[in-house]
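Here chain A shows up in two complexes: once beside chain B, once beside chain C.
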Partner chain A sequence: MKSNYLNQYLVNLIFILLACASIFPFVLLIMASFTDQKVIINSGYSLFPEDFSLDAYKYLLKSFSSIMHAYGLTVIITVVGTVLGLAISTMLAYPLSRNDMPLRKVLSFLVLFTLLFNGGLVPTYLMYTEYFHIKNTIWALILPGLLTNGFYILLVRSFFSTSIPAAIIESAYIDGAAEFKIFYRIVLPLSMPILATIGLMLGISYWNDWFNGLIYVTNSDLFSIQNLLNRMINDIQFIQSNSSFVSAQQAESIPSESVRMAIAVIGIIPILVAYPFFQKFFVKGLTLGAVKG
Partner chain B sequence: MNTKIEVLQQRVPVFKKAGKVNQAWKTIKRYRALLLMILPGMIYLIINNYLPMFGVVIAFKDINYRKGIFGSEWTGLKNFEFLFKTSDAWVITRNTILYNGFFILINLALAVAVAILLNEMRNRFLSRFYQSVILLPYLISMVIVAYLGLAMLNVENGFLNRHILPLLGLDPISWYTEPKYWPFILTIVNVWKQVGYLCIIFLAAIVGIDNEYYEAAMLDGANKWQQIRKITIPLLTPIITIMAILSIGRIFYSDFGLFYQVPLNSGILQPTTDVIDTYVYRSLITLGDVGMSSAAGFYQSVVGLVLVLISNLIIRRKSPDQALF
Partner chain C sequence: MQKKWKSVSGLLSVVLASMLMLSACSEGEKKQQAGDGEQADTSKPYEIVMTLLVPSTPPDLQLVADEINKITKAKINATIKFIPFSYSAYNQQMSLMLAGNEKVDLMLSGTFFNFGSQVAKGQLEPLNELLTKDGKGIVDAVGQDLINAAKVDGKIYGIPTMRDFAADNGLVMRKDLVEKYNIDLSKIKTWEDLGPIFKVIKDNEPGMTPLVQAGNTAMPASFMYGAGVDTFGDNLGVIVDPSNSTQIVNLFETKEFAESVALVHKWYKAGYINTDIATSQELGSSLVKSGKAFSYILNLKPGHDIQESQLTGKEMVEVSLTKPLQTSNNITNILWAISKNSKNPEKAMQFMNLMYTDKDIANLLSLGIEGKHYVKKTDNLIALPEGVEQSSYPSNQIFMGNNFLTYVWEGNAPDYWEQMKTFNDSAIKSKAVGFNFDVMPVKTEMAAVTNVINQYKNGLESGTLDPALIDEFNTKLKSAGLDKIIAEKQNQFDAWLNSGKK
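Moving on to the complex of A and B:
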């Protein structure tokens, strides 16, 4: 029988092209970080720079403390945010998954409704700054993204109600286990796949978050790595469009292009390194979300 | 499932008129642990999501920080009058709908095509490898994407101006000051970032198609192209429709990062890069114009809600399982 596949050379060729298009900008970025500043200025960004140089990374080592500060802060908010977010969303999802929970429908709808309507940026911003005073505190980087997406809660809820047999919970209850104990001794250990997936999504969204820092943080001590990068790119824009007003000293304080690219490389390294390990969970999470959406 | 309901219902006494309070108290006591568990999440949702919903009344007020949000004077529709008197309202609405509408079309088409091709890969290892590579852009923050964009588009030393345009015999282009190129640039960036993610969803649907259809088609002598057209695509249509309707429901909301970071927040580019989200952000944070930004935000929330409700209604008619409510 004739093979039921398209010509494999053709398919491979298409995917090699797509893969190249996907990673090309990253390669350009990484190459630029290993290029001498003068070479970038004279001959532009290139895949095969004329001169290989570690200057950018040496510079980073020298200004280690400020970059490490932002890096460390990003790690802290990612870990704290992910753990807190995971705890709160699973604790919210579990009772909603129990058929016997009173007011279960109403409470589920309260979660669902947050997906349909939101007050938008202005009321949220004013509430957080005028009433909760989180501006320029570390909470500004953690709180607004805690339950990024009510959708995750619904996802965990449906996992609990379809994958954890009610009989197990029931028998544990009859044996006299307290609800909370049932939750963390039985339900959570049985739900590792979904916990890993949601934790991963939360972790990535915290690591990549620059929006909260942009609107709530002006103090550079509280810049995450993304905000540091964001600030640098804005400064360059500002200098390019207002070159006549900017003093030479100000212009000098801006890191060179290769240094900026090196910081960007540092910013994506954790994701690149962890990616092969979490890819399986990630794909699973995406498909789960789509099917149940 | 049924056993669970039955067993547990026996424990929950049915409410009777007499002693209703007593019974409610018993229920609370029985479920106090579960109620306690949902407390942090519910408090969070009330603060983070529900309070700002009531806060949309700001759009009808003249905010005075000393009097507080709820103490400020009502101004009726004045903020909206200001907003809709300017040409801004029209420009941002047009940009938002055209961009997002076009993104929906092109993303869905490309994602389905890539998913079908991925499924054609005989080598499972390579297939997974390609899938991982094209998903990579999805995992990167928009700030980094802005850096990647700058490396490509920088006027003096960007890759395009230095290497590609000279190759084609073209003059360098000042990308960041020419609004006319941005619809293309933003579309390309959006496709680059999103298609890898969307195609995973469609791939899962394709893998789920029963192989018997294809075997039967092959026995009847259908070639690959016919199989794709007559089996794969028709069987994918429900999920494509759902994804399209869901996206149309959110057409009033843009990817803020894409429109803010990638054009480097450049004022010159605003005619073709400004969308409702960037407008609200700029009016609030840069210009400090609470009235204008809250009016635009209210406009977005309300039209957005109506669109979500309509799209959900359509989905509920077509396939009730996929409906949100």
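Moving on to the complex of A and C:
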């Protein structure tokens, strides 16, 4: 009895520590965004700021419109991208999961192949800009992320094959349902867990994506919030390591530490808020296929 | 057999369909290009696509572009389209654009921006004939010497922007404290003379660090030996006394390096330098701004003290401790080039000519529209318009063409650019000006040596590490292949010298 308690106690302690270690950077981030710039330079970061100040957020209010614009854009890209991505992924995975589809093995192999091999950055770039002409359009932020992960397809496919009994589909056939109707009416409603999982993963990867914005977009109207933050931070590093290149006016306009923290906070808040709602499905999706029956 | 054919035919049809789709796309593009070719006659203004490096896209970029286009349409029958880039993304985006044949005519290049590899890949247009035909103004404004500095194998690939081409080094410090303790700046002639000043500050101003770093790659010692050494920008094999000598040696074995490091270490031990100097990410100017530091060592130029005062928000005063030195990469750092993708390099060259000779265009590019982004206070001095805190056309003059033609911001001396010119002319010129080191033969050694340097250089130059470690540093450098790099560099350099510095 006693050793049981001790074990329990130890395990709880370990997980409490781990949880604190995960939360700590976030709390520090939020606190730093509320600290006065001078205090950060003089005494570093701290959980209890000596000088509570809203300067960082006031500064951001000045370029409120561009940040809100970036915000709005990121939301649009995430929503459109996730919906499109889910639709495409499920529609690709469903036929692959059906035993009676011709060319099933070949297409599955092709999907697996793209997971392992990639054309590389320059061919991908050439593809999207020379052939699809999406540079500096909103599609540049949505298309390249749509089908670039074969892993999701395989995940959905295995969910379909294990969790949707062939009997249901056969019975729907007998009742005269067409293929698409079966997909739409029977398979999709039964796949809520996997849809939520993939949807969440797609959504997060769209929300966090700054790379596509970096290489495909020069028009600042199309900067997503992560792209904006990334550029800001890299520009600051560039200026800091090449201080002789920068005129005084520009150096003054570099956002201070606390402002950068504030921007990061703005970048994370929606995800932090949305996550608890999806957590239920996420956990369910993770244990997919782990227990049969 | 039937079944097999079915699957094979299915696969083939998929492949066929995708091929058709792709060819349709590319053919459509070709047709479009042919159509443009037929229409492009001299009556339609050619659109020159030009890269612009800015910290953030200026809201008024299009307004300025329109003003510039008024002038260019009249003079050379061309219009300008700007593509703004942020500093950090420029290299990546540019290399992709050049690989993809995207339309770009005038581009910013330089050793800072992948100039070497662009030349090697043939992505830049040689400018020799273009200069004689349409660019005579550039040759006059820049000077054949400077243009020659950017030659590779006899071909000119880029034109330097007009700015400070040399650097002298010294100490930047807070004026109010200098006056408070009656520090006599005229008595300071050498680096050692700075020690007593630091002592005064340390003893009388608790909480304030006398000397900090200028930036996390700009440690005090590097400026001390820097003024007498041409580092070729990479510190791998340098020339000591570059106006007289042509021998390339290992920087870290030189007397100058050892002396500088020893001095800085002495200051570090005496407590004049902040203990986290080797790892701090802060700029020296921000530390002074927050009241934590007194001074930092940096490379100077005319008007630098005013610039630093603006950065720190406190009045700064400088004392220069070295003579200005012009090294090979001062000039080739920032160049304007014409890309091979340009469909009309002559027009691009004509615009470049305007950039370097036309006062209106130079001012529009660097400063914006008169009345909107700046107002003239006197003939030469300008200031921000009433009530405007930040110009809605922020740009970095260093990246523009001929700054010597532009107006001077109020607060600087009115003859700022003349001072700059004198400063440039008075600099000691390294014999290596114009030489570009091709690193391909020693790429692997370079990576290994850079690794070793990263371990020791900052620590030694900031005074944190004990100078006794220099020997260990050099042993590691040798085993990483530094001697091979130096030998290769000397070979290339000698060959370049013998070929008449072509």
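Convention: the second predicted complex is superposed on the first by the 267 of 293 C-alpha atoms of A that agree within 3 Å, B and C clash if a C-alpha of one lies under 4 Å from a C-alpha of the other, contacts with A are read in each partner's own complex, and residues count from 1 in each chain.
Methods note: a residue touches a chain if its C-beta (ideal position, glycine included) is under 8 Å from a C-beta of that chain, and two chains touch if they have at least 3 such contacts.
This one's a predicted model, so the numbers in the text were calculated from it and none came from an experiment.
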{"item": "Chain C versus chain B on the shared chain A, clash or fit after superposition", "value": "clash"}
{"item": "First (chain B), second (chain C), both or neither touched by A:Pro102", "value": "both"}
{"item": "Touched partner set for A:Val83, first chain B, second chain C, both or neither", "value": "neither"}
{"item": "Partner chain(s) touched by A:Leu61 [first = chain B, second = chain C, both, neither]", "value": "neither"}
{"item": "Touched partner set for A:Met91, first chain B, second chain C, both or neither", "value": "first"}
{"item": "Partner chain(s) touched by A:Leu13 [first = chain B, second = chain C, both, neither]", "value": "neither"}
{"item": "Touched partner set for A:Ala178, first chain B, second chain C, both or neither", "value": "first"}
{"item": "More chain A residues in contact [chain B versus chain C]", "value": "B"}
{"item": "Which of chain B and chain C A:Asp235 touches, first, second, both or neither", "value": "second"}
{"item": "Which superposed partner A:Lys38 touches (first chain B, second chain C, both, neither)", "value": "second"}
{"item": "First, second, both or neither for A:Ser220, with chain B first and chain C second", "value": "second"}
{"item": "Chain A positions touched by chain B in one structure and by chain C in the second", "value": "41, 102, 121-122, 125-126, 130, 132, 214-215, 234, 237, 241"}
{"item": "Chain C - residues contacting chain A, complex", "value": "6-7, 10-11, 22, 25-26, 29, 55-57, 83-89, 92-93, 96, 99-102, 112, 167, 214-218, 281-283, 285-287, 290-292, 298-299, 306-308, 310-311, 390-391, 394, 396-398"}
{"item": "Complex contacts: residues of chain A adjacent to chain C", "value": "37-38, 41-42, 102-103, 106, 121-122, 125-126, 129-132, 135, 214-215, 218-220, 231, 234-235, 237-253"}
{"item": "Chain A to chain B touching residues, read off their complex", "value": "1-2, 4-6, 8, 11-12, 14-15, 18-19, 21-23, 25-26, 28-29, 32, 40-41, 43-46, 87-89, 91-92, 94-96, 98-102, 107, 109-112, 114-127, 130, 132, 143-144, 146-147, 150, 153, 166-167, 169-170, 178-180, 183, 204, 207-211, 214-215, 226, 229-230, 233-234, 237, 241, 257, 260-261, 264, 267-268, 271, 275-276, 279, 282-283, 286-287, 290-291, 293"}
{"item": "In the complex with chain A, residue positions of chain B that touch it", "value": "1, 3-5, 7-9, 11-12, 27, 31, 33-35, 37-38, 40-42, 44-45, 47-56, 58-59, 63, 65, 68-69, 114, 117-118, 120-123, 126, 130-137, 139-144, 146-152, 154, 156-159, 161-163, 192, 196-197, 200-201, 204, 214, 218, 224, 227, 239, 242-243, 246, 256-257, 261, 264-266, 277, 280-281, 284-285, 290, 293-294, 297-298, 300-301, 304-305, 308-309, 322, 324-325"}
